[in-house]
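Notes follow the structure.
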Amino acid sequence: MLNKLSDLNICSQDDFVTALANVFEYSPWIAEQAAALRPFAGVNELFAAMKSAVDRAPEELRLALIRAHPDLASKTQRAAGLTAESNAEQNSAGLDRLSDPEFVAFERVNDAYRAKFGFPYVVCVRRHTRDSILRDFERRLPNDAKAEAQTSIGEICRIAALRLDQLVASEDKLPVHGRLSTHVLDTHSGRPAAGIAVELTELSELGEARVVAGAVTNSDGRTDQPLIGGRPVPIGRYELAFHVGAYFADRGVPLSDPPFLDRIPLHFSVSDPEAHLHVPLLVTPWSYATYRGS
Amino acid sequence: MLNKLSDLNICSQDDFVTALANVFEYSPWIAEQAAALRPFAGVNELFAAMKSAVDRAPEELRLALIRAHPDLASKTQRAAGLTAESNAEQNSAGLDRLSDPEFVAFERVNDAYRAKFGFPYVVCVRRHTRDSILRDFERRLPNDAKAEAQTSIGEICRIAALRLDQLVASEDKLPVHGRLSTHVLDTHSGRPAAGIAVELTELSELGEARVVAGAVTNSDGRTDQPLIGGRPVPIGRYELAFHVGAYFADRGVPLSDPPFLDRIPLHFSVSDPEAHLHVPLLVTPWSYATYRGS
Amino acid sequence: MLNKLSDLNICSQDDFVTALANVFEYSPWIAEQAAALRPFAGVNELFAAMKSAVDRAPEELRLALIRAHPDLASKTQRAAGLTAESNAEQNSAGLDRLSDPEFVAFERVNDAYRAKFGFPYVVCVRRHTRDSILRDFERRLPNDAKAEAQTSIGEICRIAALRLDQLVASEDKLPVHGRLSTHVLDTHSGRPAAGIAVELTELSELGEARVVAGAVTNSDGRTDQPLIGGRPVPIGRYELAFHVGAYFADRGVPLSDPPFLDRIPLHFSVSDPEAHLHVPLLVTPWSYATYRGS
Amino acid sequence: MLNKLSDLNICSQDDFVTALANVFEYSPWIAEQAAALRPFAGVNELFAAMKSAVDRAPEELRLALIRAHPDLASKTQRAAGLTAESNAEQNSAGLDRLSDPEFVAFERVNDAYRAKFGFPYVVCVRRHTRDSILRDFERRLPNDAKAEAQTSIGEICRIAALRLDQLVASEDKLPVHGRLSTHVLDTHSGRPAAGIAVELTELSELGEARVVAGAVTNSDGRTDQPLIGGRPVPIGRYELAFHVGAYFADRGVPLSDPPFLDRIPLHFSVSDPEAHLHVPLLVTPWSYATYRGS
């Protein structure tokens, strides 16, 4: 599915439009306008051309673009069929596995929003968790229609940038990826803590917590891969848990019974999906510290 | 119900025995033997006299003392009626409010233990949580009968010391109390953090977590009363949670949205019920640290 | 030298004035005025009466009070003889042991100040170090004479409060004492660190550093006495050093050679002489932390 | 002066020996033996060949190799002329700028050692500070001659590896470099601390402290270059100081007067010259922490 930018720069207009038709949901006209501006020096330039087509479009067309989007978490629309892109995006945030209270809340969002504005609530779900979508909705609902149309177009461009990032291979990269990493330093022995099981869980107010990553620290006290990387780190609340009791017991360190510290949960929120967020742990059997690092 | 030791030293033997009859469950003979040794310089000396009566008793009588104790969490026995002391003790550990899986586990404990040893499983429940009782049982079940009889007598003496502590006022104190305290230091402003809501929750593997204390920090960053004091701190796993998001927001400190840190949970275990355990929090909006203090 | 307030309340006016004559340097008239207002419920009330006498005094008398004070660190005046109180106060800040550059700096202070204002530079030296006196002078020199007279009277009242505190025993206390304390927590073993040698040194820009306290931590990880207590903690820069290398080596903890941490110096400044400043150390052989506590 | 390994592999034996004659002090015979084993796949293989020549050499020749080395810090020998390599090595540890007590101590080392063993004390000075050389000498002096000859050869090989590393360019690297780095995290604002002045000073018991590196932290809170890199980190005691008072004042953070923390000195020792030692600072205006990181 990955297209080299160099190929896209020289292929036929039809092939170009076919490749990028769904970067903007059901709106191939945007790819068509961009096709005429080839060649692009990089994917950022290509994205700017597509965004510019949206920005220049008449009001009516922009509203049609917004209306081309499905409701979030709508069972009826899912049954009727979404674009593959919308489907994957909604699943990434777990919108296909909502708890009943969450489902009710999302239905309320969609209905209240449509009733007020006459177009669906659109948000770039890959940058969000279930909780943060509901919070975003609460914030946006009091807005007026003009501001909301503008906000929706902004979200649509974020969705498009992420789709384009997955479709096009280029030397430059769109600034759409964040990273969440950790590091465990054993300050009892003065070394990186290797072999510590780590779990990252997305917390939720209305639904169930979801484990989103798990790893074991390597000899450098880090995980081989970032806990989240190569994509936005969704806005939301998380628990990062470290199984330090077993680690110290395995090393023969004298512990109390039961050990004072065993599974250490760190709770924190992500607010900037495209940033690098580093959440380390400095730990002995009797103390620990963490901080927002970079 | 509180008796002055000076009064107990000079009252009639009958009154003395009546006052202390239930220090050892259904076993007034122990108070009778102690009565003859009056006067006592302090409650520790009184307890030593009672313990000595138990230690000197013939095997048969010591077994009868063990058998005088009820099963833990037995609905049948509770319905038939426990001593007020046993009832209060079992309720203190929440044995009257077990979840179904916990109830099943306790029934298994009692039955397996009775079947092997011919006497009930006795433990000083005021020093324990539901989880630690089940763990204690798992450890003791493989023992032989002689060792278990000895262990049971030890636990009975711990029960007795706590009952005596509540019955007798003396200048000296029995060493049966522990303490759990906290302290919040705001290292962003370099001051004790006042007005932070704190909750202490007993965690459980089979049952529900139970909130066991709640407080708001005072101008010294401490709670006016220790989270647990004037009694043993039950062996078990706990969560101590601090609502720091509201604290920093109220002070106008610039935060991310949502705030990086909001409700901070510390998870730790208690292993020594009679010790002073201090679990402080050093916190900024972007970092925190804790340690086992004293 | 200590007089009970109850005795001062009923003794003759002469005895009262004799006892308190030097609370204000060479100015027994202040004690005389206060004598007429006896009895005093406490030492704070007595001090308020004396301060009120100063506040009500005519300008001329207030200037005379200021002029009654000696220059700081003046060898000539010391040779000619100071009051016992002035002598002890100046020695407390080490003004009798100045380095040559410090001596030159103090001479410059006194001369420039006298030249501009016509009265000596007065400061409550028990609240200061050599460095902070010189800094205070730099700040006050640009003031106008009226403001400086007012500031000097304020300093004189601080001097008087400290003298009165040492002369009069009362149930209430004047709020003139601060405290500097420490605490060492060994987070490698999860216990207070006992037996750690601690030194407090006053740092100086122009002169030599002066060791002002030394102690060894007790079983609670604290020093038996506060490092500074029962007096103001002088404004200034300090080093608090902890000999942790020997401590961990003595306990058989595996260390690098030479040990990563050996003598740990903490450098901090005191700004509020009447406050309780707590500077603890949390330490393993490979890490440490400190903070301004309370 | 840098020779490509590929060139050394094909040049004449004479050129090869000329290039590497002084890798081992005044001992070209080692390069001669290695020349015959060309070509070498890498510099590690070349070094192994030279080391093997030393290991295989008869006792007499090995002693001559040791005796070819100059005394440390000998003014007489320096006046008479050292090899350029020896001169640069001794200067790197400051042996050309010793204090009088240090000079006396070094003279004592050399004389006592020569008197006992009949050959000079040899140590790889690039891995040491003045203090650690004197400490090393104290440890080695009680040894017997055979053990010392062996130790000396080991040190000579370390010297040779460092000389070879500077003489030969190869894709592989000899494992002779360590690194000392730092990182300042401002946990008051939750960001890397940019613009903090940092100084690294070598501490000394007998002589003066020597500033060995200075830098200002960049936007990532790090120094653009490691404090020490591309060479061994000399064994010894160091102070790493951070000017945090100016940093927080510049950012408008409310501080006490004088600021509680201003220049923060961290004192630590280096024990493994070839390792990567990371000494970070986590800091607010009221607290800080450090640890041995990696």
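Order of writing sets the labels: A, B, C and D. Residues in every chain begin at 1.
Note that in this section contacts are C-beta pairs under 8 Å (C-beta built on N, C-alpha and C of every residue); 3 or more make two chains touch, one makes a residue touch a chain.
The model shown is predicted, which means the values in this text are computed figures rather than measured ones.
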item: Labels of chains that are neighbours to chain C and to chain D; value: A, B
item: Greatest separation from chain D - chain, by CA centre; value: B
item: Chain centre separation (chain A, chain D; CA means) in Å; value: 48
item: Chain B and chain D: spacing of chain centres that average the CA atoms, whole Å; value: 58
item: Touching two or more other chains - residue numbers and ranges from chain D; value: 187, 190, 256, 260, 282, 286-287, 289, 291-292
item: Chain D - residues contacting chain C, complex; value: 132, 135, 235-237, 256-265, 267-269, 271-272, 282, 286-292
item: Residue ranges of chain D in contact with chain B within the complex; value: 187-190, 254, 256, 260, 282, 284-287, 289
item: Contacting residues of chain D [partner chain A, same complex]; value: 185, 187, 190-192, 220-221, 282, 289, 291-294
